[in-house]
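Labels A, B, C, D, E and F are assigned to the chains in the order they are written; within every chain, residues are numbered from 1.
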Amino acid sequence: MGFRLGLVNPNTTQADTAAMAALARAALPGDAEVLEFTAAAGHASIEGEVEHVDGAVRVLELIASAPGLDGYLVACFDDPGLHAARELATAPVVGIGEAAYRSATLLGRRFAVVTTLPRGVAALEDAVRDHGLAHRCVGVLPLGTEVADQRGSDAAAPIAATARRAVQELGADVVVLACGAMAASAEEVAAQIGAPACDGVAFGALSLFALWRCGLRTSKLNAYAPPHGAAA
Amino acid sequence: MGFRLGLVNPNTTQADTAAMAALARAALPGDAEVLEFTAAAGHASIEGEVEHVDGAVRVLELIASAPGLDGYLVACFDDPGLHAARELATAPVVGIGEAAYRSATLLGRRFAVVTTLPRGVAALEDAVRDHGLAHRCVGVLPLGTEVADQRGSDAAAPIAATARRAVQELGADVVVLACGAMAASAEEVAAQIGAPACDGVAFGALSLFALWRCGLRTSKLNAYAPPHGAAA
Amino acid sequence: MGFRLGLVNPNTTQADTAAMAALARAALPGDAEVLEFTAAAGHASIEGEVEHVDGAVRVLELIASAPGLDGYLVACFDDPGLHAARELATAPVVGIGEAAYRSATLLGRRFAVVTTLPRGVAALEDAVRDHGLAHRCVGVLPLGTEVADQRGSDAAAPIAATARRAVQELGADVVVLACGAMAASAEEVAAQIGAPACDGVAFGALSLFALWRCGLRTSKLNAYAPPHGAAA
Amino acid sequence: MGFRLGLVNPNTTQADTAAMAALARAALPGDAEVLEFTAAAGHASIEGEVEHVDGAVRVLELIASAPGLDGYLVACFDDPGLHAARELATAPVVGIGEAAYRSATLLGRRFAVVTTLPRGVAALEDAVRDHGLAHRCVGVLPLGTEVADQRGSDAAAPIAATARRAVQELGADVVVLACGAMAASAEEVAAQIGAPACDGVAFGALSLFALWRCGLRTSKLNAYAPPHGAAA
Amino acid sequence: MGFRLGLVNPNTTQADTAAMAALARAALPGDAEVLEFTAAAGHASIEGEVEHVDGAVRVLELIASAPGLDGYLVACFDDPGLHAARELATAPVVGIGEAAYRSATLLGRRFAVVTTLPRGVAALEDAVRDHGLAHRCVGVLPLGTEVADQRGSDAAAPIAATARRAVQELGADVVVLACGAMAASAEEVAAQIGAPACDGVAFGALSLFALWRCGLRTSKLNAYAPPHGAAA
Amino acid sequence: MGFRLGLVNPNTTQADTAAMAALARAALPGDAEVLEFTAAAGHASIEGEVEHVDGAVRVLELIASAPGLDGYLVACFDDPGLHAARELATAPVVGIGEAAYRSATLLGRRFAVVTTLPRGVAALEDAVRDHGLAHRCVGVLPLGTEVADQRGSDAAAPIAATARRAVQELGADVVVLACGAMAASAEEVAAQIGAPACDGVAFGALSLFALWRCGLRTSKLNAYAPPHGAAA
C-alpha cells in the first residue's frame, strides 16, 4: 500500500488546501495518497500571533481527527503547533516552513525570505534563528500586501520583483516564499529570477515520504513523549 | 525515466559503497537507479583532516566523471568537498552528514552524535555549529574505535551502548551515527535503544529524490556559480 | 485609583491561581488590586507542548474577558501565548517565566533552572536561548516529579536539594523555579540554599506595576499591531 | 519605612543627577526616598572608554559612601562598574542601560538604540550582545551630537527624528535612548513617534523597588561574593 | 640559527609568492629565512570552492616537501587546508586569512572585509563566523573584480575607495584585504584611508616567529594528532 | 633602534612584574627593551570585579606615565582597561589574556582555561564569549586556590594536574593559564602534560613586536578615537 499523507491546513480557506494538495500530489510518487484537512472554523488566513495560536489548535484537532496516516504536513508557513503535533502524533510531522528552509539550504549558501506584511518580519526572523539559520539568511523582505493578495494568477509578479532584489542586491542564492498561498506562484517566480523559489509544500510532502521510506518515526522517548492520554 | 542517483564514496573501500548503495536502493522507489562510485585511490577510510582533504578531491573527481545524473550523494559522513561539489555539479548534491542531521531534527528536539575516535570530536562539533544546530545537540560521543571496527556484524552492540547512554543520561531524542560504515548498523541500534538512529544514507538519497521530484536544482547565481570552465 | 492587575492562570487549578495571587498581593503596594482569572476548562497543569497550545488559547480568552486592566500577568512558567497576548491587549503583558529570568539576571551572573520532568528540559533550554540568556544559564535540572508534586508543604525540600547542587557544583548564583506551583516554595528554598530563588510571580506583577508607573505600554506599531478587529 | 534608593551618577553634572532623580521620584510610590549622588570629580559626561573606566571608579566610591540603602541605580547608560558594584554592595544594583533594554523587550519584539556619537556605536552593540539581545536589536543609530547637546528643551526633536526612522524604516517597535541626559526627552520622543521610548531611569528605579518588595537581594555565593574586606 | 619560514602559496603564480615573501622578509628580523613554495600545478588564483579544494591539496604537498622548517605560512587568504596542515606538520602553521583577522581585532573594535568577486562573499562571512568574529565584522564588501585585477600598481585605488566607504559609512576601524594579491597594496590603502589595512602576510609570518620564540608548537594530543604515517 | 615595550602590571606585586618581564625579554629579539611598570597603589593581586576596576585605572595611569613606547602589554590576565588603553595610547596595546587565547587557538582546535578561584569562572567564560571563542573552549577549570598560591616553585604541580584532566577528559588540545602569576609555571606545566600551556606573556609581547615590525598601529578613526585631550 502506498504512502498516505495528511495535509493539514489550519486556515479555513479550502482553496488554499486544494492548491497545496495539488502541488504535493504532483510531486509525490503516483501511488501516494494526499488527504486534505481544512480548519472547520477559525481564520481565512493566519497573519499574526493571535491567529497563530488559533492555527496551532486547528492543527492538533485535525491531526487527532485522522489518526493512522503515514505523515502529517502542517500546511501553514509559520508551522503552528509543530512541537505539539510531534508530541501528539506517532507518525512524523513536518511543517512547510521548516521544509522550505531545508530545501533552500540544500540549494544555496544564502537565502532570503519573502513575506507579506511588515508586521510579520520579526516573527519570521525569530523562526529562522530558532532553526539555527540566521547566518544563512540575508534578510526577510515584506511585500506590503496581505495573504489574500497572494492568491491570484497575478500574484507572482510582485513576489518575483522582491525576490529579484534579494538575489541581485543582497546576494541570496535562493528565495523562500513565506506563505502557503505563495506556493502556487513558486514555479513562475523561480523562472523569472533564474534561481530556486522554495515554498516547502511539495518538498515537505516528500520529506515525509522520505522518512516513511526510511522507516523513521518521531522519537517518543524524551521531548515528544505522548501527552497524558493521547495518540494519533 | 526514473531517478538516477550517483552515490559517491570518497574512500577506496568498495564494500562501504556497496553497503550504502544497498540502503539507498532499498529506500528509493523501485524505478530509481543508484550508480556506485568509489575512489580509485586514496584512503580506505577517512578519519582526519588530511584524509578529509583527499576525500574532497575524490568527490570532485568522481562527480566530474559522471555528469548528467539527477543527484549526487556524498557518502562520507564529514561531507568532504560539499560546497565545491555544488559549485561543480548542476544537479543537486547532498552529503550524508547533513542528511543525518536533518532527519534527526525532524524526529526529535535534541540529538547526540556517536562517532569513532576522540580525535574527530572537535571537527564534528564544528560541523554541527556550521549547520546552526549546536543548540540541538547534547554531545558528540566517541566510541574509541576506528572506522574499520564499524564494519562487522558485531559493530552494532557498542554503538547501541553509547547511544543508549545519550538517550538516557543526556536527554537525546535521537542519535546520529557519524560514520558511513555505521549505517549498516542503524536499524539494529534503533531497535535496541527504542529511538531513531540516523545515518543519512537512505534519507540523503531520498532528499535528492525529493529535490528532483520538486524540480529544484542548485542555484547557480551567486555562491555556487560554476568554476572557470566546468560543469557536471 | 490604584494599579489593577489581571493574573491569568491558564490551567484549571484555582488553588494555583490563589496561591500566586497571594504572592502578587503581598508584594504589590497596598492599593493595588489583583484580579484572579483561572481557565474554565483545559488542564489541571501544563506539562507538555499539547497542553502549552491549550494554555495559549486560555490566556487569550481570559485576557479578552477582562479588558481595561493596567497589566496582565501570564501565570504559567512557559509563558503560553505571550506574543499573541501582547498583540491582543493594549495594556502590557508579562509572563512569569520571563520575569523569573529577568530577576535572576539582576541578582547573579549565572543561574540554573529547576524544573519538574525531564521531558520539559529541551523546551526550557529553547526558551532560555530565545531570551538570549543561554550564556547565563548553567543548566536546566529536572526533579523527576510532576507539577502536582510541587503543590504541598513538603514540596520545598526536594527543590532545595536540587537547587543546592546547582549552586555548589555548577556555579549558579541564583536558581529559577520553572513552575508556577513552585512559587509557594521559593522563600523556603532560598532560605535553605542561601541564594535567591526566582519564581517570577511577584517580580512579574511588580514589573507590570513598574511599566504602569512609568506610563509605558506595549508598542502597537509593528510586531504587536492589533489583530483584525480585537483589543483588550 | 519606605524604599530608599541611591541614584548614583558617575559624571559631575549635578543637573543630570537632579533630572534623573526627578524622573525616579515621579514614578516611585509616594513614600519612596531617592538620594542623589554625583561624582565629586571626573568628567562632565561619559563618552568613551577612558571616561567609562573613571565612571566605574566613581560608581564604586559613591556606593561605598552610602551603605545601607535598599537599592542602587547606576545612572549612566553604559552601566560603568555594574559587576563590581554588585560585588561591593549587599543591596541590589541596577543600571539604567540594562533597565532600558529590559523595558524595551517587554514592550516590543524589536528595538533600536539611539545614541550620541558614532564612536560609541560599537560599545553599545557589544553591550547589547552581552545582554544576549543582539537578535532583538535592529540597529544602533548615532545622532552625531554629544551628550551635552541632549540637555536642553530642544533636544527631543532630533532624537525623535532618528527614532522615527528606526520605527518606520527598520521595523523597531520601541526605541532605547542610550544616554542618561536623553531621559528628560523620553516622554516627548514617545509622543512624537507613537511608540515607547525607553531611557531606563524610572523603570530601573522601579525594578529596584520590585526586588525590594520581593525580598530579593544580590546573590553572594559565587560570582558576586564580597571582595576582600568590603561591603555597602 | 635564525627562524626558517616556509611561505606556501597554493596557486601557481610565482609573482604572488615572491611579492608575499618580500613582505614577510621585510617584516621579519634580519636573520630570518623565508623559503618560497609555489604550487607546481593547479590554478593561477583561487577564487571558488573547487579551486579551494585544489589549494588545500597543494598546501599539503608543499609542506610535506619541506619538512623541518620552523613554521609554515599558508599564503592564500581563504586558508585552504589549514586544519589538515596542522595535523600534518609538527611545526606551527598559520594562514594569512586568520592572521589578518587577528591583527585587525588587535587594532580596532570593528573591521570590514574587502574582497574580489561577489560570489566569494558568503564563504568569507562563513570564515569570519567560524573564527567567532561575526560580531566584530561590519560587512564583506566585494570590489567586483577578479584576483588578477589586484596585481598591478594601479590596484590600490579601487581597494581604497571601497575601504574608505567601510570606514566612513559602516563604522569600520580597520579593513581586512581578503586576497593575497592585495597585500602589495596594503600600505598604500592604509595611507589613503588613514586606518590600518590588514593583509595577514607579514603579520602571519611574525605570528609564526612569535610562536617559535615562545617555544610553542601545535598540540599533537587530540584534534591535530598525526595522520596515519605522516609528519613534516 | 630596537623595539621598546611597556609591560604594565596593574597589581602592586613587583615580583610579578619582574617575572613576566623576564619571560618577555627571553622571547623578544635581543635588541628589544622591556620597561617594567607596576601599580604604585592598589591590590597585590586582582581577583574580582572591584579589583578589576581598580586595575583598569592603574593600567591607564601607567600607560599615560610612559608615552612614546612602541607597544604596551597589559600584564594581568583579565585585561583590565584594554578598550580604554587603546583609546588612550597611540601605540598598540595587547592584553595577556587575549594573547593567551590567540596563541592557544593557533596551536589547537579546543582549549581549556585553568584559573584560580571558582568565583572567577563566570567572568572568564564571559571574556571567552566576548572574544568569540566559546565554541573553542571546553571549560574553565578553577584550582580552588588564590593568585598568591600560584607564585612559588611548587605552583606548577596542581596546575598540571588540572590541565591534564582538561586534556585527557575534556578533549582540550591546549590549556590556557588564566593568571599572570601562573606564567612562570607554563613551561613546566606544558612539559608535564605534553601539550602547550599558554600564558600570553611572551606571546603578547611578541604580538606587539609583530605589529611594530608590520607598521600597524591602533586605528584612531572610530571606536578608539582619542578621548577629550589625551594621548600616550
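To be clear about the criterion, contacts are C-beta pairs under 8 Å (C-beta built on N, C-alpha and C of every residue); 3 or more make two chains touch, one makes a residue touch a chain.
Since the structure is predicted, the reported quantities are computational estimates derived from the model, not experimental observations.
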Query raised in the report: When every step has to jump to a touching chain, what is the lowest number of steps that links subunit A to subunit F?
Result: 2
**Report entry** Where subunit E and subunit F overlap in contact partners, by chain label
**Finding:** B, D
Report summary line: Whole-Å distance, C-alpha centre of subunit C to that of subunit E, is 51
Query raised in the report: Which integer distance in Å separates the CA centroid of subunit D from that of subunit E?
Result: 43
Report task. Take the average of all CA coordinates in subunit A, do the same for subunit C, and state the distance between these two points in whole angstrom. Result -> 31
Report task. Note the residues in subunit F that touch 2 or more other chains, in rising order. Result -> 83, 109-110, 118, 121-123, 126, 134-135, 171, 173, 222-224
Report summary line: Here the pairs of chains that touch are A-B, A-C, A-D, A-E, B-C, B-E, B-F, C-D, C-F, D-E, D-F, E-F
Report task. Going by the contact rule at the top, pick out the subunit A residues touching subunit B in the complex. Result -> 27-29, 83, 92, 94, 98, 102-103, 106-110, 131-136, 167, 171-174, 187, 194-196, 198, 202-203, 206-207, 209-211, 213-224
Query raised in the report: Which subunit D residues qualify as touching subunit E in the complex?
Result: 118, 121-123, 125-126, 129, 134
Report summary line: subunit F contacts subunit B in the complex at 109-110, 135, 171, 173
Query raised in the report: Touching subunit B in the complex: which residues of subunit E?
Result: 43, 47-54, 56-57, 60, 81, 83-84, 86-88, 118-119, 121-123, 126, 130, 222-225, 227-228, 230
